[in-house]
């Protein structure tokens, strides 16, 4: 069964990481001191919290991605059957892509694609 | 087991003779898993070595040459060193996420490998939505990177992870769309079928101009997907230490390293599968010898991998705004137009048929 | 179709998912958590559609197609919700419901 | 254009004309001219009706039937009988008198006259309709302007009174609407189409069960406007807060809508329901009669006295209607007319007194007969009419009512009638009390000695109301005849 | 499929083209010339509205996913007119406040997309199309509610709307999946043939109903309404309250009367209870509101309760009265919101107390809102009276006398709070009244059309008869 193969690979991955971690823990040399437990920031002590609000640009791209990625979900079935459908499929996808392209152009015009 | 590994069938038959059916199938699966894990590790080691050698050659150096014959065992030694190193981590880290991250990257890489058709018979997982599965699984990988960055609670790691996130999701669009362009030609998502269609000619030839464009986009986007130079500002050493895996040491660092190279391999393998006929030999010169398919496949893949290594030493690293501009303002519109072009060509039957 | 798993079991799971979503929507105080709860509800419906299609009416693809559209719409919804939450966050520096709410009866 | 539609059209035209006027002077001139035209039309209608009814066998004449909402079978369906004609005349006179009495409205005069005429339009429309839907429509048209009229130009707790009045009347229309819809959906009981037409419904035998269900709804719906006992509370407050002309119109005309509606819809269309429920409503209205009279004794505010007296008098109208015989009905109609003129006159006079003395408290007033003799004398005359002195309209009306009421043999009716009759005595008490305190005796306030006499417009207003009041009292016969003829179908339906 | 059959989708295609034109305009027109977009959009939409009146044949497309008939066509036109008036009323606001931030075009784009969603929702022939229409009509509005970027309440309203909308649509979807499980189809025609009253289908229906109940803001799904209206720019609140609600009421009617007719015994009782709850909650909460937007929000909740009175019947009469009522409601509420918007734009005042003495300074505006409120309250001779009376007639025709009685009691309650506004404007005096001002052309036009509508729609009976004939399509 196909899905079983998937599970096998999943378990294999888990086994690889867990096993290697285990072996590493087993054979590695261990030492401890407070400095070693500090975050590494080129030798400077870290200032302020790390989990802060990030620049909105990142999220903006995430939102854009969300939209365009879902659009791929629609294009995939279309692409698969395109050969069988022909003209109608072509016209419809042109409409689809024109709207999508307009959306991209709009985002472009509005400066959503500009990294500030 | 639907996996059409011909070796397995023999082994499976043999297994069935010595134990009950369910135990036999479990054992068979375990064997497959072991085989792929071995390949996974070996490929990783080899690619690292290759990278270093290629890099050395580009820089008129010799590269690793002490350990083993021509330094062939260098990476194995490195691996052993990594295993024996202590697994450190900061006190401030979010322990659970920090430890979870490697699982994500490794498992996704491994699953990606599962659908690659190494030859007509060596393909663990021939799902009917193969390409879709690949696109899907490769977007899970980015979660691992984000978790690593977040879980480390380190500013470099965090910035690296955020950059990686925005870069990966951006270029994922192009990867998906360029593969979609080729799906228009194949009419199928199943990798084995896609290979079958290329019997008479590679898709890059069948689809000529748009396929060529798609290939170029795919290569650029694929390189960016794997966070390789010139798109490696995720782990830009000069800025961010080691980027998202700054806080990982020893084996845990090795996972990311390994996954990166395997991902590179997967990207190349997909390129070979979609554009260059996978394990099919050019002009059918070795059609009579199907077992040669594996070597054709690996050979082609290594050529593509070499190409990606070549990029690294040819182009300077991009700034993040350039990176995003390249994707959103050039590749994406180009890709959309390319799809229309491809659709037009398929619709008007202008593909090159043999 | 997954052998060994009947439709009732899957539907039970989706129902539980659905009610977790509703419960989360009502009890959570963080806007993002609420959004996630909503997504749970939508996902429950998606699974429902696919499973019902696959198990009960396998000759037509209506349920599957429906689920694709639900995913698309859910994406749009999330995108918009996140955008508005950002804007709210910019003004209040919080995504907790009780800190963002000014309008009451 | 037929003679009846003009009654709706002319006020609307006057309203439109008023919109374009500027200032008090223009507004009141236009309003007066419009009201005069309406009075002319009403008189014309009276004569035309007398002429027409002599030759026309139908009860309703000048009928006109225009299909309005075809699917629901709603028609713009108009016609008049003697009762409507008389009430239309009453309306026309009171409106004109009201315009004269409001001659000096300085605050938003245009809007005042517009609202007044909207009210008049509603009342006219109500009286000429013989379609339930249009009747209901005009009923509500008549009620709503009251809010603005009391709220803007009133005095005292005007916002409260206006709101109370509007809400109680609209609440009543909730019952009324259910009643009307109930009648409508039972109007096909004999197999015909659903209809709102009163004449057609009256021929239908509505199932008794439905009649019993919908009669109280319809009855109370209208009777609230007619100040039925427990629902009368809006009336004293409303009257007390309203400006003079509005009180006149309201007590004189609008409250008549209640009695008219009860008669024309509830009792005419649901006769068996009426018989079933009459005992209950007779008790209520008899209580109202006696309660109103006693409450009037206790009041010191002139307007409250008059308002409670209205409750009492209109209770008598409802009481008479429920007696279910011809004489009593005749009396009820006459009482409506009589009370209309009389109470309008009262309110006009109270308004005049108030505008001069700035108080309505009778304990602060005194000896006005010496200071403003004309107004005072008229007040006495109105008071006498109110307590039913022969020679005035009140006598004729009450006479008919009680004669009719006594025709019932049953104990219950007798007791109720006796209770009601005793209200006349109480009426005499409170009227004479007011006359005694306010008009006779010493002048209690020095400033009152300099009060101005009635002006020409006030006199005109008074005379407009006084003449018909006396007229009905002296020569009731022709009016009775006209009413009795119109009562014919009711008698056929009910008895 | 013939390409010419696309013309059956004339409304949708035209609007889509129009919207795309606006997007193109937004992309191409430089920022300093953006104010011309307002005129352009109004002009284009005016043409679109006019073209909508061309006749259209009755048919269905995409194998029954999209269907159209005269009633649907009529209702799309009604929505068009409503939106056109709304845009006229919003034009000044856009020009003064929004175009300066170069965000004017998006207002139109989002609104048109939302309208497009409503078209699809109304024309839907299966649950998929319906769902897409529902979402397409809701999501842009959430963006519109959060349009005022600087105003925290606006964002808060937006997030409230979108979260509760998602919840409602999620619940609705779950219900649809259950209906799909019982019937095996998402096509309305087939569902109608197969559906019966089983436990699963009833649960499915109730869940499904919740989604639409949210859109019409029926109790208990009304919680978002007041907050969202208060936070939103007035045009958007007006849009939500008028157009969105009207369309949702209409689709609810279509679904109940056609697809879910076999479940009538279930939804009759459901609607009976919800109608009562909605009317009472809407009216009683409206009593205590001071902010005009919240006030109108609760008033519109109550109005939704009245609409249910027509829905409970399931007859041609019910259909006709609902359509008629919604039509009148659109005009009345637009007039009320228009005045609130005009005043808010000039003075920023939105509270009822601020309206004290309005008649003295702005007689025309106060007359418009007087008419609008009377129409909402159902006072003759303005149109609202006819709408309400006919609705009650429809309910009574099925014997729901008690419901009608309670509804009329609610009319009385509603009259009380409508009169509170009237009292403020006409009866009260103010130290600091709204200063006298005159409106620009667009606003005047927008208000004038609504006033004409309020005065004429009721008295002009052929309209009702026309609607009645159209309503025959469901029976």
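Per-chain residue numbering starts at 1, and chain names A, B, C, D and E are given in the order in which the chains are listed.
Rule of thumb we're sticking to: contacts are C-beta pairs under 8 Å (C-beta built on N, C-alpha and C of every residue); 3 or more make two chains touch, one makes a residue touch a chain.
Everything numeric here is computed off the predicted structure, so don't read it as measured data.
By the document's definition of touch, common neighbours of subunit C and subunit D comprise E. Take subunit D out of the picture and the remaining chains remain, by touching, one piece. Relative to subunit B, the chain whose mean Cα position lies farthest away is D.
Taking the mean of each chain's C-alpha atoms as its centre, the chain lying closest to the overall protein C-alpha centroid is E.
The greater number of contacting C-beta pairs, out of the two interfaces D-E and A-C, is seen for D-E.
Subunit D and subunit E have centres, each the mean of its CA atoms, that are 42 Å apart.
Separating the CA-averaged centres of subunit A and subunit C is a span of 20 Å. With each centre defined as the average position of its C-alpha atoms, the distance from subunit C to subunit E rounds to 26 Å.
Averaged C-alpha coordinates put the centre of subunit A at 15 Å from the centre of subunit B. Shared contact sites, meaning residues of subunit C that touch two or more other chains, fall at 76, 83. Under the contact definition stated at the top, not a single residue of subunit D touches 2 or more other chains. Contacts between chains, counted with the stated touch criterion, involve the pairs A-B, A-C, A-E, C-E, D-E.
Across the complex, subunit C meets subunit A through its residues 2, 68, 71-72, 75-76, 78-79, 82-83, 86, 89-90.
On the side of subunit A, the complex with subunit B involves touching residues 1-2, 4-6, 8-17, 20-21, 23-25, 27-31, 36-42, 46, 50-51, 54, 57-58, 61-62, 64-65, 68-69, 72, 75-76, 79-84, 86-87, 90, 93-94, 97, 100-101, 104, 108, 113-115. Subunit B contributes residues 1-3, 29-30, 32-34, 36-37, 40, 82-88, 90-92, 102-103, 106-107, 109-111, 113-114, 124-127, 132, 135, 139, 150, 152-156, 158, 162, 165-166, 169-170, 172-173, 176-177, 180, 183-184, 187-189, 241, 246-247, 250-252, 254-255, 320-321, 324-325, 328-329, 332-333, 336, 339-340, 343-344, 346-347 to its touches with subunit A in the complex.
Per the touch definition, subunit E reaches subunit A in the complex via residues 1, 20, 23-24, 26-27. Listed in rising order, the residues of subunit D touching subunit E in the complex are 68-72, 74, 133, 136-138, 140-141, 144, 147-148, 151-152, 158-159, 162-163, 166-167, 170-171, 173-175, 177-178, 181-182, 184-185, 217.
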